[in-house]
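A, B, C and D label the chains in the order they appear, each numbered from 1.
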Amino acid sequence: MPDLDQTVRDIAEEMRARPDRGEVATYIPELANVDPGAFGIAVVDAEGHVAAAGDCDMAFSIQSISKVFTLTLALGKIGDRLWRRVGREPSGSAFNSIVQLEAEHGIPRNPFINAGAIAVTDAILSGHQPREALGEILRFLQFIAEDPNISIDEKVAASEQRTGFRNRALANYMMAFDVLENPVDYTLGVYFHHCAIAMTCRQLAMAGRFLMHGGRNPSTGFSVVSPERARRINAVMLTCGHYDGSGEFAYRVGLPGKSGVGGGILAVAPRKASIAVWSPGLDASGNSHLGRIALEMLTQRMGWSIFG
Amino acid sequence: MPDLDQTVRDIAEEMRARPDRGEVATYIPELANVDPGAFGIAVVDAEGHVAAAGDCDMAFSIQSISKVFTLTLALGKIGDRLWRRVGREPSGSAFNSIVQLEAEHGIPRNPFINAGAIAVTDAILSGHQPREALGEILRFLQFIAEDPNISIDEKVAASEQRTGFRNRALANYMMAFDVLENPVDYTLGVYFHHCAIAMTCRQLAMAGRFLMHGGRNPSTGFSVVSPERARRINAVMLTCGHYDGSGEFAYRVGLPGKSGVGGGILAVAPRKASIAVWSPGLDASGNSHLGRIALEMLTQRMGWSIFG
Amino acid sequence: MPDLDQTVRDIAEEMRARPDRGEVATYIPELANVDPGAFGIAVVDAEGHVAAAGDCDMAFSIQSISKVFTLTLALGKIGDRLWRRVGREPSGSAFNSIVQLEAEHGIPRNPFINAGAIAVTDAILSGHQPREALGEILRFLQFIAEDPNISIDEKVAASEQRTGFRNRALANYMMAFDVLENPVDYTLGVYFHHCAIAMTCRQLAMAGRFLMHGGRNPSTGFSVVSPERARRINAVMLTCGHYDGSGEFAYRVGLPGKSGVGGGILAVAPRKASIAVWSPGLDASGNSHLGRIALEMLTQRMGWSIFG
Amino acid sequence: MPDLDQTVRDIAEEMRARPDRGEVATYIPELANVDPGAFGIAVVDAEGHVAAAGDCDMAFSIQSISKVFTLTLALGKIGDRLWRRVGREPSGSAFNSIVQLEAEHGIPRNPFINAGAIAVTDAILSGHQPREALGEILRFLQFIAEDPNISIDEKVAASEQRTGFRNRALANYMMAFDVLENPVDYTLGVYFHHCAIAMTCRQLAMAGRFLMHGGRNPSTGFSVVSPERARRINAVMLTCGHYDGSGEFAYRVGLPGKSGVGGGILAVAPRKASIAVWSPGLDASGNSHLGRIALEMLTQRMGWSIFG
């Protein structure tokens, strides 16, 4: 097997040089202004060694990657009852589609499309104040990443609030079917804020460790979730983690992963590594263009595909 | 790790006793008349050892499981050009839905929904006579299963021909978009016949070995496909192999798998096992009810999930 | 031709006696508690004679019938520019469907489905305060009905506000496509209130006169809209006035008409009559069951069908 | 009221001069090769007087206009039982969409979209040979037009047969739901042939007379259908006669009408006129561009709108 540190450095170098970088998201200025030339990667292996390169310590907006952590929290809170309010099938449509909700009585197909992630956020809230729920999410991330320097980018949150009409439509639509329990403004407030959390690749790779280790945080020894739940979260990441590009990601990369519109991807090689990449340019499905390519190289060179 | 033979025998016994058996497909008499009490299982491990139990030597209609083998053949014939005619994203709709075709210009979402499998069959035909194409598919199966006693159930094929109006609609629809190249009757003739192939669990598990071994048939040493292609076929099986129950199968079983309406499932534990189960009763998504449960037990007890 | 007064009385009597009365809307208590036995009818003929019977002077919630009047007002305000924001094709889907909006970039199909009526309300607001817009709508109705006793049922409005999540979803969805210009709360506030206007059959039939007389209010002599616009509003009523039961209404009744979930229907026999019926029980498409039957009888007996 | 002959001549002249002529259908060579400069018009008034101008005696492919006559025949054969197999609501989608069929269990929305017209043709066949059914349709047209010189353009029929994959998809799809009763090839054979009937504007306007006269052929005195059925056919023409441009046609022209992809439109002014126009260039909805404009002028100048 090749040397991980060298492989990670090689990939970062190759990625930095590529002219094809996708298109940076433009729907809010805070994302539109990010340097498209950025590329970061960090890998934590089974022994806890961290290999990192490029802009691995530059914070970026994790956006939908936060949905992995809110799913974990919500399952911790209400267990499998969560699945009464959200499915776990790939959607076959865009991340913010409302069509599927109408066909399926307001139940979102999975926790990683916007509607599903809003329903998950609603389950975390469950009667508390938005501020408390947000604090809980943030503390959870700081705990599993073992890093207190993780925070919300308030500017991003404010921009999302201002422009999030489709998400407001999704939330109100679910309210009409009694899928949500808290006031729409509360739930969306928490949702917009947890999507606005800023993290570095290093922090993100650290936070993802429990998913490669059967649910346990190996350095603290604490069990974050049961081994079965860790496997199941990985399964949902694989089938649903890249919106309507999930099949493509499984086909090319062969790892469970979750992307965000900020250009980050968290991927898990079970028993082998927790991986975070970041490059702000997106492909047509809204997933990081170079991030996906870098992960494809990494799994191929390291032989980490879960498919053999 | 528990003893494989014992585990397989235990599971077969448990399955035989269960009262919940799903509903046998009724759209053609040949499937409707199958004994719902049947249950078979066969597992070939990495060393080539076969553990089998129950009705593991009773032939059943493999139906859509044949699509794994036709996909393999078509990729061998025309390579990645196949992906111009068929996608590889989960569909988010029923196996025989035509809605998606209209939205996406006649290109089926993946090779495992009916429309996609018809397009794959058309690629295998590529100008040949139906009889030749069918012979090729059958010989391929006999070769990789190392068993000449695999044949087509002509009664099943005739019944499918008689009732296959939705498939005829799908094929004509794709013709309207120039996605198919051969006469509809030719392509559907081959399609209905390869779905009517009858195999036992033992034969099916043998046939699936190349997918666990990086594309190589371990006993013959022949390479059926490249390691990368084997991984990719597994990836498509995982995201699309169980129609609109693919997310559920990944979540519960955690293995790439392909189901058929005859009640069979072929599953692959990369580097560890090729597995075939059969129980004719289906769940609401059209996948073998007890087959899925048996696979869930097997992966849990053997620790074979690809998700950690 | 039969005597109009007698015909109207006969129909009211027949309707009162029928056991099949449809189902009263139950989504808000104010509608749920209406007496299903009620039936009213009022007809203003070309000479201004009013024939009325049954509960013709009992006020009911006009609900979506208000959309005829807001369409008229919005066309008066911004003219054919309105058609940039809303189409005029029948929808082929339910009154509160959001699917169509996604397929057509946030432009509602016609001004009589909920989304379209919200867009029309937004055009009336155009920067004003909700209170002013509502005042304008109410004064317009009082003017064309020549009756100052038309008002908003504040209880109904409050209930609609409380439960109107689907409408809130529609409005936010259109905001995402820049189809609406005013704050969602403003537009929905006006929308919920104008749907809560209470009128009697007599008032409604009076208000509809301009649509039979080429846009002119015959008693005042004032021109409400041009003859061409009156024809066009009638055309939109015919093709879109009864949601997904518009074809059925045209087929059976043969008049332009607009129904409301409160059980009222306003229908226009061009050059012959303005007609209002009310019976609170609805059919499967959400249109007044006995109202439609009464109108079918009336047009047949009077020979008023526009189709010959 | 203006002079009809002069009005018709004026319109023909204006139309001939216009540079905007739409796009001629190109899916078969027989339609693609028609002169886009052609324009014909013929009007039969209530007294039987024929006003005609332009290419009013040039035969063209009536295509979907034939569906008005097959609907009339099928209702004559099986009466209102026809409505069990086909609806009468506008579709809100393209003329050859298959999506709606999937959502509504194989029942086409109305008799004028392709699927619906195929179901109507199947009802006419009802066990007979295609040749007999076609003969019946042709004789019916010759009878109501009082002209034996109406025939099928066999070249057009052959081209439609060759390219009609979407229609074949629709028919097979309905077969899957038992909506059709005859062999698909029989039904489609008749369908493709009756769409290939060639008629002149003069013949078409003559054939449409029964729809303006309460179902009676005024010159023969024979009753083709009951007055109620004539009204109802007109109603279906108004709501569904121009595919997804039906709302627009009602809005602008204000008459029941049925268009064909050959560029013809048959329109009915109840009690006043039967009108046929022809100009081969189509608009975006697949309806004759100048045909619609000519009808708009005619109804405005003659005051024939059914909407007042």
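Note that in this section a residue touches a chain if its C-beta (ideal position, glycine included) is under 8 Å from a C-beta of that chain, and two chains touch if they have at least 3 such contacts.
Listed by chain with UniProt protein names: A, B, C, D = Glutaminase.
Keep in mind the model is a prediction, meaning the values are calculated, not measured.
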Greatest Cα-centre separation from subunit C (Glutaminase) belongs to chain B
Distance in whole angstrom between the CA centres of subunit B (Glutaminase) and subunit C (Glutaminase) is 55
Taking each chain's centre as the mean of its CA atoms, subunit C (Glutaminase) sits from subunit D (Glutaminase) at a distance in Å of 32
Taking each chain's centre as the mean of its CA atoms, subunit B (Glutaminase) sits from subunit D (Glutaminase) at a distance in Å of 47
Where subunit D (Glutaminase) touches two or more other chains simultaneously, the residues are none
All chain pairs satisfying the touch rule are A-B, A-C, B-D, C-D
Listed in rising order, the residues of subunit A (Glutaminase) that touch subunit C (Glutaminase) in the complex are 97-99, 101-103, 165-166, 168-173, 175-176, 184
Note: in the complex, subunit A (Glutaminase) contacts subunit B (Glutaminase) through residues 87-93, 100, 109-110, 211-214, 227-228, 230-232, 234-236, 238-240, 244-248, 250-251, 254, 256, 268, 270-271, 300, 305-308
